[in-house]
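Look for chain A in each of the two complexes below; its partner is chain B in the first and chain C in the second.
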Partner chain A sequence: MTDAVFTPRIDAPSFGERLADALLSGRGIWPAVPAIIVLMVVAVIPFVILLSLGFSDIEIARGDIVSQTFSLEHLTKALTDPLYWITFQRSLSLAMSTTVLCVLFGYPVAYLFLTGGKWTKRLILILTIAPLLTSGIVRTYAWLVILGGRGVVNQTLMGLGLIDQPLRIMNTHWAVLIGMVQIHLPVMILPLIAVMSRHDRQIVEAAENLGASRLGTLRTVILPLSVPGIGTGAALVFTLSYTTFVVPQLLGGGNYLNAATMIYEQVVFSLEWSKGSVSSLLLMVSCLVVLVAIALITNRFTRWTKGREA
Partner chain B sequence: MRGLRRQSLADTIAIGLILAIAVFSLVLLVAPSIIVVMISFDTRAFVSFPPEGFTLRWYWEVFQQGELVEAMLNSLQVGVTVTVLCILLGVPTALACVRGKFRGTTALSVFVLLPHMVPGIVLGVAVLFAGALIGVSPSIWLQSISITVFILAVMVRTVQSRLMRLDAALDEAAANLRATPFQSLRTVTFPLLMPAILAGAVFTFVEGFDNLSVAIFTHGFRDRPLPVELLSLVQFTSSPLVAAVSGVQIVLAIVALVLVSMSIGLDNVNE
Partner chain C sequence: MMQGPTGPLRDIATTVPVLGIGAVSKRFGATTVLDNCSLDIAEGEIVTLLGPSGCGKTTLLRCIAGFWDADGGSISIDGQDMAPVPVNRRPVGVVFQSYALFPHMTVAQNVGYALRMAGRPKAEAAKTVASALETVSLSGFEDRYPAQLSGGQQQRVAIARVLVMEPRVLLLDEPFNALDAKLRATMQVELRQLIKTLGLTSIFVTHDQEEALTMSDRIAVMRAGRIEQVAGPDEIFDRPATAYVADFIGTSNFWDAEAAGGSVALPDGQCAKTELVGRVRVMARPHNLRLGPPGNGVWTGTVAFHRNIGPLIEYHVETASGDTIQVAAMRQDRARPIADRAAVSIVVIDPAGCSIFPAP
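Entry: the complex of A and B
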C-alpha cells in the first residue's frame, strides 16, 4: 500500500471534466468545431449567397425573392458602365497613392526605431499603437477641424499673412488623400517595426565598423532586409484604404464617390441587391489582384536581395 | 580626404532628412488627437482654432443627448458580446491549430484568417443579404456575430503565437503528475495564456466598439451603434460636441493602450 503515499490525490473527475478530457485528449479538431460552424454560417454561406446574387436575375416581392435565374446581365452592365470604371479607377489611384505615401512617411519612423534608444522605441510604439485603438471616425473628424475653412491650417496661414481668404482644402481630393495617409500610417509602421526588431542592431554596427556610411548601411543592409515588412504593410494599407468609406464620405464632402461609398449607396439607399452584389464582388476581386501583385513584387525583391547575398 | 568628407556631408544631410521625416510623421500621428481634445474644451459653439476659454459644457452635453448615450451603450454591448464570443470560439480554435494532431491544422489556421482578409464592407453586405433571404433582419445581435466573425482571426493569432512559444514539456510534466488533459489545460496552459487572451480581448473589444464597415450594414435600425451615430453627427453638427465624444473615445483608447502594455507588452502587438 506504499503506492498510496506517492500517488497525488486527485478528486474524482466530474462529468464535465471527463467530457472535456475526452474532447481534448485526442488532440483532435473538436475544440475548433464551434468556430468552424459559426464561420460557415456567418461568413462562407453569406459569401456564396452574395456570389449567387451577383450572377442572377432576381425578382423581389415584399422583401422576399420570388424567382432567381442565372444571368450575367448585372456583371456585363457593370463592366460596361463608365461610372463603374471611373469610380473604381478613382478608388484604385487613391489607395495606391495612399500606400506609396505611407511607405515614404512610415519607413523613416521604422529607421528611427531601429537606430533609436530604449525610450525612442517606446515612444514610437505608443504613438503608433494608440491611434489603432481610436475610432477611425474620430481621427477623420480631427482633419475636418484642421483643414476646414476656420481650421488650423487656414488660421495659421492667414495669421502669417500668406493668404487673405481661407483656402478651400476640405471636400477636395487633397483633403481625402491627407486624411487617408495619416489614418493608415500606423498600419504601415507596425509591420516595418516588426521586421526591424527581428534583426539585430549589431548588423548595422558591423556594417558601419566595416566603413559603410550610414546612408550606405541603410541602402545596402537595412532596406533589403526590410522588404518583407514593406510588403506586409503595403498590403494592409492598400486593403484598408481601398475599401474605406469613412474618409471619402467625411473629407470628400459626400460627393466624392469611391467604390466603397458607391456600394453603400446601392445597398442602403437604392436597395439594388444585384448591383450591390456585383460591386462588392468586383471590389473584392480587384483588391485581391493588387494584393497578389504586391506579394509578387515583394517576393521578387526579397529573392533579388538574397541573390546578392550569395 | 576631400572626397571622403564630402561623402560624409551628403551622408549627414540624407540621414538628417530621413530623421526629420520620421519626427514629422510621429507628430502627424499624434497632433490631430491633441487638437481635437483642445477643441472639446472650447467655449464657442462652433469649431475654430485656436480654442478660446475652457469649459466642460460639451462633455456635459454628450451625456445629456439620449441618442448618443444609447449609441454608446449599444456599442458597449456589442464590444462585450464580440469579446466574449471571440474568447469562447477563438481560444479553443488556437489550441486545436497549435496542439492538434490531425491532418489540416494549417488549413484550419488559414480558414480562420479568411474572413479577416475579406474587406469589412463585403462581409457586411454578404451577411445583410444572406440574413434577408432567411428572414433574419439586421439587429444588434446580427451586428455582434458579424463583427465576431470578422475579428476572430486577431484573437486566434494572438493566442496562437503565445501558445507556440510555450514549452510543451510543461504539459508533459503535468501529465506525468497524473493531471488529466483538462486539468493541465486549466491549471498550467490557461494561466500562461491569460496575457495573450487579455490582449486579444482589448483588440476585439475595440473592434466591436468602433467597427463601422461591418456594422453599417448589419446594425439594427433602432439600436444604432456609436460609429454609425457619429458618422451622421459629424456630417450634420458643427459644434464641439463631436470633439467631446472624441475626447471620451481617446480616454478609452489610452485605457486600452495601458491594458495592452501591461498584458503582453507593446513590443508583442505585432506577433
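Entry: the complex of A and C
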C-alpha cells in the first residue's frame, strides 16, 4: 500500500471551475445577472414592442395584431394635433407645480428634522414613511372623503359659517394638485433628509460661531449643501407626477385629461395601440428632457463636489 | 504683531481677566457634567483643559462658545457677562476638532465668511482674507475647495477663518486629533508660535498630555467635571497637586508608605520631607530614579524588560515586594543597556523630587 501524496495542482482551472469560482466569489458582472434578466423581460422587451407599435400601422382583430406595416403617420399626427400639445402642457404644468410645492412644503420639514431633537426626528420619519405603507389609490380615495361636497373641508367651513354653499373642490384642477402634492411629498422629504444629515453638525455651529444668524446659516450653508437632495427629490417627484394616472383619474373625476389618462383612453377604450404607443414615447422623451434639465441645474449649484476627484 | 486692546480698554484688561469662568456648572438630566468650575485667563495666555474623555472639558468649551448655556455660574469676557450674548455675537473663535470647513466654499470664501456675515465691504474683506492666508502660509490656495487640501492645510484654513474675526478668545477643540503623529508635533510648535505672535488669549482642549505640555502657559487638569489643578506645565509635572494629576501626566511610580515626624522613609533608605502623617502614597518619576549594581542598595529587584524610547531607555524593574518600578536612563554612546533578568538596585536621585499624597 502506498501513501497518498498531496501534490498541488499546477494546471490551469477548467472553464467550469472558473465559472463556479466567479459565481461564488461575486466577481465581475455575475452578481448582476438576475437583475439584468429581469430588466430585459420587464423593461427592454416592452420598450422594443412600444417602439415597433408606435412606428407602424396595425390591424387588430379579437385583441390580436393581425397585420403590421411601418409608418410614421401616428408620430406626425400626434405632433401636429393641438389636443396633444394641450394635454402634454397640462401634464407638464401639473408636474412642475407639484414639484415646486413639494420642495416648498418638504424643505421646512427636512430642516426641522435636521435641527430637531431625537423625538422630533422620530416623529417626522414616522409621519413621512407611514403614508408610503398604504397604496396610492387608498390615499387618493381618502381625499374624496376630505374634499367632497359633504367632505370634512366643506362641513367645517359651513359649520363655521364661512360659506353657505359647499365649495366645488372635487373634480377640479385644485383637487388633483392637492392630491398630487400629498402623495409625492415623502419622495421629496426622504432624499432631503438623507443629504442634509450627511453633513457634520459642527458645520452649522461653525457658521453661527463666525457670526451668522439662523437665517444666514440657512441661506449660506444649509441650503447650498442640500441642493443635491433638492435635485434628487425634484427629479423623483417630477417623474412620478408627470406620468401619474391614479390621482388625476380619481380626483379629476374622469374628465381631467393629462398624458397618462389620455394614453389610458387610447389603449383601453379606443383600442388605438399605435396612438397610445406614440403618446407613451413622447411622454418618456419629454420626461427625460426635463430630468436632464434638473440634473444640469443641480450640477451648476454643486460644482464644489467635483473637487473631490481632483 | 500684538493685538491687545488699546486705549481705555487696556486699563480694564490689566485688572479684569480676558476670560472669567466663575463657578460654572452644567447638568444633563441627572448627570453633572461640570461642577463648580472656576478659571481666570489673562491677556495672551494659552490655557489647556486636559483630561480623559467625559471629564467635561469639551462641555466647558461649548459653554464658553455659547453653543450650550451653563446651568450655574458665570462666563465673562473683558468683564462683560456672556449669558445674554447669543452664540453669533460672542467675540469667541472656535477651531473645531473636525475643522468644520464649509465644503461648498473655496478657501478664500471660507476664510472670508465671518467678514461677509458682518457685512464688511468686499474690497476690505479681500485684503483681510489675503493677509490671514499669508499668516498661515496658505497664499495661492484661495480657489481650492476644502476637499482638495491635506489635513494640515485644512487645519490652517480653519485657523485663518477664525483669525479674520479678531476674536478676544480663541477656543481649540482637540485640533490635532485628525493629524498624523509627525505632522502633529510640527503643527503644535507652529500653532503655539502663531498664537503667541498674535497675542491671542486661547483655550485648548485635549486629552493628550504631551500636547498640553507643549502648547500651554498653564494647564487645567479636569476630572469628572471638576478642575483638579491649574498650574504651569513644569509645576504640573514636577509638583502635581493630587495623585490623580500625577498619574494622568507623565509616567509615575506609586507606592504606599508610613509618614511620621515630618518625613517619610523611601525604600532605598533615604528620607523625604512631608507635613503629612500616617499612611501616604509616594510618587517618583522614572527619571528621578537610577539603577545600580545589586549589592549597592537595599531596594533591589530584577529587570523584567527594557524599552528603547529614543534618547531614553525605560527599564521595568520587578522589586522584591512585587511592585513594578519604571526607571528611565539616558542612552549612553556605545554602552550596552542592562540586560533583562539582571539583578539591580534602585536609588532615588533627589528625595525632594518625590511627591507625597495622602493615602486614598
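Quick note on the criterion: the second predicted complex is superposed on the first by the 265 of 310 C-alpha atoms of A that agree within 3 Å, B and C clash if a C-alpha of one lies under 4 Å from a C-alpha of the other, contacts with A are read in each partner's own complex, and residues count from 1 in each chain.
Here is the rule we go by: a contact is a pair of C-beta atoms (placed from the backbone, for glycine too) under 8 Å apart; a residue touches a chain by one contact, two chains touch by 3 or more.
Here the structure is a predicted model, which is why all the values come from computation and not from measurement.
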Now for A:R168: first (chain B), second (chain C), both, or neither, which partner does it touch? neither
Going by the contact rule set out at the top, does A:S213 touch chain B (first), chain C (second), both, or neither? both
As a test of reading the superposition: which chain, chain B or chain C, is in touch with more residues of chain A? B
Please work out whether A:S197 is in contact with chain B alone, chain C alone, both, or neither, and reply first, second, both or neither. first
Where does A:I146 make contact in the superposed view: on chain B (first), on chain C (second), on both, or on neither? first
With the two structures laid over each other on chain A, which partner does A:V138 touch: chain B (first), chain C (second), both, or neither? first
In the overlaid three-chain picture, which partner chain does A:R300 touch, first (chain B) or second (chain C), both, or neither? neither
After lining up the shared chain so the two structures overlap, which partner does A:E205 touch, if you call chain B first and chain C second: first, second, both or neither? second
Should A:K77 be classified as contacting the first partner (chain B), the second (chain C), both, or neither? neither
Interface residues of chain A shared by chain B and chain C, listed 213, 216
With touch defined as at the start, can you tell me which chain C residues reach chain A in the complex? 65, 67, 87-90, 92-94, 96-98, 100-105, 113-114, 116-118, 144-148, 161-162, 165
As the complex stands, chain B meets chain A at residues 7-8, 10-11, 14-15, 18-19, 21-26, 28-30, 32-33, 35-36, 39, 46-50, 88-90, 92-93, 95-97, 99-102, 104, 108, 111-112, 114-115, 117-123, 125-133, 145-146, 148-149, 152, 156, 177-183, 185, 202, 206, 209-210, 212-213, 216-217, 226-227, 230-231, 234-235, 242-243, 245-246, 249-250, 252-254, 256-257, 260, 266-267, 269-271
Chain C-facing residues of chain A, complex: 199-200, 202-203, 205-213, 216, 220-221, 224-225, 302, 304-305, 307-308, 310
Provide the residue numbers of chain A that touch chain B in the complex, in ascending order. 7-8, 10, 13, 17, 20-21, 24-32, 34-36, 38-39, 42-43, 45-47, 49-50, 53, 63, 65, 104-106, 108-109, 111-112, 122-131, 133-146, 148, 150-152, 155, 182, 185-186, 189-191, 193-194, 197, 213-216, 218, 239, 242-246, 249-250, 254, 260, 263-264, 267-268, 273, 276-277, 280-281, 283-284, 287
